[in-house]
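In what follows, structures are represented as structure tokens.
Look for chain A in each of the two complexes below; its partner is chain B in the first and chain C in the second.
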Partner chain A sequence: MTMLGTRLVMLTGGLGFLAVPLLFTGSFFKFLLILVFVYTIVSIGLNLLIGYAGQFSLGHAGLMAIGAYVSAIVSQSLATIPTLVLVGGNVWIGMVSGIIAAGIAGAALAFPVLRLKGPYLAMVTVAFGWVVWKILLTWTSVTGGDLGITAIPRPRVAGHIFNVTDYYYLSGVIAVVALLLQRNLVVSDFGRKIRAMKFNEAALASVGVDVHREKVVVFVISAMFAGCGGALFAHLQNFINPDNFQFVNSVFFLLTILFGGPGTLSGPVFGATLLTLVPELLHGAEQYRLLIFSVLILVTLFYLPHGIAGLLPTRRSQRAPGPGSGRGTRPREPTDAVPAALSIQQSASDVQSPIVRIRGVSKSFGGIVALNEVDLAIAPATVHALIGPNGAGKTTLVNIVSGLYRPDRGTIEILGIETRLSSLHDAARQGIARTFQTIKLFGSMTAREHVMVGCEMQSGAGMLDALLRTRRSRDEEQRRRAIADELLTLVGLREFAEAPADSLAYGHRRLLEVARALAARPRLLLLDEPAAGLVASEIEMLARVIDRLRASGLAVLLVEHHMDLVIAVSDTITVLEYGRVISRGDAETVRNDPVVVEAYLGTGGEHELSAVAS
Partner chain B sequence: MSSALLQVDGLGVSYGPVRVLDGASLTVGHGEVVTILGSNGAGKTTLLRSIAGLVRHQAGHIQFDGADIGDMPAHEKVACGLCMVPEGRQLFPDHSVLENLELGAFHRLRAGEKTAVDRDMMDVFELFPRVRERLSQKAGLLSGGEQQMVAIGRALLGRPRLLMLDEPSLGLAPALVRSIFQSFVTLKNRGIAVLLVEQMAWLGLGICDRAYVLEGGKFLIQGTRDAVRSDARVVEAYLGQVKSRGLAR
Partner chain C sequence: MVFFFQILIDGIATGAIYALIAVGYSVTFTTMRVLNFGLGMWVMAGGMMTYTLFASWGLPILATAVVLAVVLGLMGIVAERLTVRPFVSAGSEGWVMATLAVGLLFVNIAELVWGRNSLRVPAFVGQDALRLGVFAIYPQHLLIIASSIGAFLALDYFYYRTLWGKAFRAVAHSPDTSRLMGINAGGIATASYALACVLAGFAGMLVAPITLADPQMGTVLGLKAFVIPIVAGLASPRGILLCGVAYGALEGLISGYLFSGIRDILAFSLMIAVLYWRPDGLFGTASAERA
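After this line comes the complex of A and B, so read on.
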């Protein structure tokens, strides 16, 4: 959509919004539209959670209920203070309390539950919704049981009590604000993180993101949107009872997302509008309503996997692959300059002691000993290669140094201090970044976004800045963008900055992982088979990149099978077999070590096969 | 009339707006080993996948043993003797090695060729003795090299006349890579044609009869092994050794 087109749509939408009360004097249609706004607000919260972050919830009606009941109860109890009632403060305070209460309930639910995944998470949220519903039914003294709460006050400003038209404008404005907040969040660095989370949590953790924490945060935000919707709903209706907040209502919100288009900014609007208005239009055919509804849903899921929003023309920059359209071209030659983005940890290179030293590390899985009493020290500005037969324990060692596994025995020191690395993100925060043997990228996010996600460790703008999209957050984005482009240039992927990662060729994906890891500003970079799937010319480029990283003071631990790369870049080579170090030294020593030739290199020259066809 | 086992003419494949293959043509003769080189994103994997019927092609023809198989679904192609070892092995990690191997012979076991399958199983064990030692283990627990052997074994149990391999050396130790590539020579001697995609060009060119170089969706260079191996462009882009070192010091 062009800029002008977007503005036109917004203008017509705005005028239409203002005109509705003039065109429809009866309250029914306005009432219906208020419901649309309320549901849109709840849907936006759920869209952030499901559509963007990929975490499921089938309990949002429960969160909405908490918002509604708390708002109703608080505004009724505050009604005993006459001065407050006169200015309408009791209702406004009630609504805010409802939102906060839903947020707190969301946090209490999310903290333990978000360690679960997929169907288990969905199950627990279903249970949560049921429990809330049951509590509303049985805690009669507070909630009024199945009769619910009646005579919930309408909001007022000074002496003026809101009528349906006023309420229509109020909820409409709040819905628009909710949309803006959604937009701001999604384009912020937090938004990038939660989108990445949907694709690969381990990769996100490897650049220092505490994934569980971010999940809880997005759940709380989502719950607050639900609470806001609930509060608006309560004061619109004047009465609420548990039947308004049943399991089917949670399913309804899920459907609005699927219908509208999960993970799109406008999806919640389409979904909530359609699913609220269509049943009303079907009022005449009461007994067929459910049938028509379900057919509609099946058809949508089948033919519109991206929902209604998926039908809209997307902006070019989002879909079209980058200039030169990616495939088939080789990465551009990198520049020789060391990017400023890497020069931060220089202080580490003054220290002569190793950046990481492990002593006597052992690890077994079941009965199989993967690592047996391994010592390793990696000094700044050196490249340490780790080679050995498949299954020798190389990746296990990388996983231990990157905090993914805990060693059974042995110690890890970082800069001379004994440390316990409790997780991937913990290791990343202590200056250890890594790439993965099986490439872990964030699906369709662009190459540049990948590296920007990697910038987690660089100071960022806060959540409030992100929500309000302040100058500070925009400047910060600009800065990260610049760093990302610099690092993409370093690995030769600058021209693919706009390309979705899943459109990149295999070898380019590996290089993108390197750039993302570098964005975390590590002292030690762990590369797990970075050259697998690269052709000779690309391997040569990778060697140059590694040389440059060493020059900038970085320590590199390289696991690799391409011996010419290993020999070209390594200062020290350690050879593992059956979890033990069988040889160590510089390239020349290791290459000619008969033990290594026997276990790993095999006889026959570097570049020949002993028997040849035909 | 053509005597080639596999004949591909003017193959065109696009993913959305991106054209991956743009009129690629190649032939593989009976019992011939053919290697395809090409940089990342050149379309090598797409080529194999479209020959195997896993990706739809928009233009061109694919003939196998004289018959047009362009529109044949992938599982029927396997029954015709066109088997593939996909990139990254793609075993069923929770199934045992034996089950993985048996799945390769799925259509034959269903047709009641149990004895023939057992005989082929023996041939696989002869080719990769280590596979026999691991039969009852979960495939996901094998080392990369062993997994590759199982993946090749699985394809062989489909009784291929043409075996297609996508990057069999990926992530394997040098000594293992050598022994796996040596096994292709054995297959050739058993009369199986091999179509090989390989990034490590010296390996791929070491065992083939002929080779093609795929760039930008087309075959730019083709010829006998020695011709391709001595082509200046190939030497520069694919056979270069990593020199580097010292740039930074």
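After this line comes the complex of A and C, so read on.
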């Protein structure tokens, strides 16, 4: 869609929005549109959670109920203060309380539950919605049981009580604000993180993002949207009861997302509008409601995986990869200059003591000893290679140093201070970034976005800045963009900055992982078999990048099978076998060490190690 | 004391039903990492069909069970092929919604066929309570407990003693390797899905005389049964039986001594607490992520 087209659609929409009360004097149609607005607001919250962050919830009707009930109860109990009622304050305070209460409930639910993955999460949220419904039915003294709450006041400003037309404008404006907030969040640094979360949580954690925390945050935001929709619903209806907030309502919201287009800005609008209006037009179909829903779900899943919004033409510029198709073309020569993005790190690593030192580290899985009393020290501005036959414990060691596993015994020191690395993101925050043996990228996000996600540890703008898209957050974006481009240049991928990662050639993907890890500004970079699957020219390229990183003062721990690469770039090589260090030294020493030759070739081997390994 | 044992027996019978449904979740999860999110509605289907076959047509209960197994088994095969397989092979999680949609479809169809009212299904083995001294036990409760234990023993035998069962376990361990060994992993996946559906149908059949049969009967049962494999660990059938029975007993005691409204709220809070403490369940083993 062109810029002009978008403007035209918005203008028509805006005029239509203003004109509806003039065209339809009866309240039925306005009432219906208010419902569309309310459902759009809830759907937007759910879209952030499901469409963008890839988490699931089938309990949003419960969160909406909390918003509705709290708002109704608070505004009724505040109605005893006459001055407040006169200016209409009780209802507004009620609505805000409803939103906050839904947020708190969301946090209380999300904190324990978001440790679970997709399907489990879905089922537990179903349970949550059901518990809320049950509480509403049971706690009669507060919620009125199955009769619910009646005589909920309409909002008012000064002496004027909102009629349906006023309420139509109010909820319409709130829905538009909700859409703007959604847009701001999605394009923000937070939005990038939650989109990345959907594709790969481990990779996101490896650049220092506390994934669980971000999930809770997005869930709370989502819950507050639901609470807002609930509050608007309660004051529209004047009465609410538990039947308004059943499981089937949660399914309805999920369906608006699936049907409208998950992870699109306009999806919630399409979904909520069509699914609210169409059943109204099919009067008398009430008994087939579930049937229609389920058929719609199945049809959408099979034939409309991107929903209605997916049918719209997308702007080409957003999807088009960089020059060439991004596949097969050789990356441009990396520059020799040490990028500014890395240089700040240098000053911190002037000390010549090791960046990371591990002592006596052991780790077993079941009865298998993967690492046995391993010592290792990695100095700044050095490349330390870790080699050994398959199963020697190399990856286990990398996983320990990157915080993924905890050692059974032994200690890890960072800059001379003994440290406990409790998780991937914890290690990243302490200056240890990594790449993965099996490439972990964020699907269709662009190369530049990958590196920008990696900038997590560089001070960012806050959530409020992101929501309001303040000057500060835009400046911050600009800064990260610049860093990202610099790092992409370093690994030779600058011209693919706009290309979706899943369109990149295999070797480029590996280099992109390196750039992303570098964005976390590590002191130590762990490269877990970076050359696996690369062609010779790409390995050369990788070697040059590693040299450059060393020149910038970074320490590199390289796990690799390609002996040519290891010998070309390493200052020190440690050889592991069956979890023990069997040899250590520079390339020459290790290559001629009879123990090493034996480990690779068995007893009696007389050949040069490199001849076989390369 | 009499009251205590009375509600304990009731609770254990309910727990046995939960366990039977719960193992349905476990069977499909272990073989193909898929859960039937509409499984509760298959329980309902079992209950409603029992009403028609057993209560209205007067078929003997064993014949009812056989017809139920055949019909639900075939429906399970079709459901797996149409709504699970396409998504799993595409690596999508669309099956979550698709299995749920099938469940909703069942509810609507049941409402159209049987109406929304609760239907009475007579007990299979006599309506009168057995008097054992001061205790009064309903034979239906004993039947439920016995059949569930029987089903679990059969399942155990199947898994560990038969070639087919071993193939199931092999697929659970690694579908790709099993395929290389000549096991029809796709067939096993379908079979496990159908098995889960049949087990759920049996649960519905057994519970119908106690709860009455109506189109909504499966919703809560399916949900509560889901608590059990989550608490017990999805891959542990014996843990599921144990947890199911314990959960049913606990639930019975809570509603017996406190009041029944608070029962489900406590049960779900318990689930969330357990998940927080042990995300892989009480009997599950944490799987370290391989990077």
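Heads up, the rule we're going with is that the second predicted complex is superposed on the first by the 585 of 614 C-alpha atoms of A that agree within 3 Å, B and C clash if a C-alpha of one lies under 4 Å from a C-alpha of the other, contacts with A are read in each partner's own complex, and residues count from 1 in each chain.
We adopt the following convention: a contact is a pair of C-beta atoms (placed from the backbone, for glycine too) under 8 Å apart; a residue touches a chain by one contact, two chains touch by 3 or more.
No experiment lies behind these values; they were computed from the predicted model shown.
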Aligned on chain A, chain B and chain C: do they clash or fit? clash
Name the contact category of A:Leu291: first (chain B only), second (chain C only), both, or neither. second
Touched partner set for A:Gln437, first chain B, second chain C, both or neither: both
Check whether A:Ala202 is in contact with chain B, with chain C, with both or with neither, and answer first, second, both or neither. second
Contacts for A:Ala536 in the overlay, against chain B (first) and chain C (second): which applies, first, second, both or neither? first
Is A:Pro112 contacted by the first partner chain B, the second partner chain C, both or neither? second
Under the stated touch criterion, which partner chain does A:Leu504 make contact with: chain B (first), chain C (second), both, or neither? first
Touching chain B and also chain C: which chain A residues? 437-438
Quick check: in the complex, which residue numbers of chain A touch chain C? 56, 58, 109, 111-113, 115-116, 118-120, 122-124, 126-128, 130-131, 134-135, 137-138, 202, 247-248, 251, 254, 258, 287-291, 293-295, 297-298, 301-302, 305, 365, 395, 398-399, 402, 404-405, 434, 436-438, 528
In their complex, what parts of chain C are in touch with chain A? 35, 37, 83, 86-87, 92-94, 96-98, 100-105, 107-109, 111-112, 219-220, 223, 226-227, 230, 261-262, 264-265, 268-269, 271-273, 275-276, 279, 288-289, 291
Over in the complex, which chain B residues touch chain A? Could you list them? 15, 17-18, 20, 33, 37-43, 45, 87-88, 142-146, 167, 170-179, 181-182, 184-185, 188, 199-203, 206-209, 215-217, 236-249
Can you list the residues on chain A that touch chain B in the complex? 320-321, 325-330, 336, 387-391, 437-438, 503-508, 529, 532-540, 543-544, 547-548, 550-551, 561-565, 567-569, 599-602, 604, 607-614
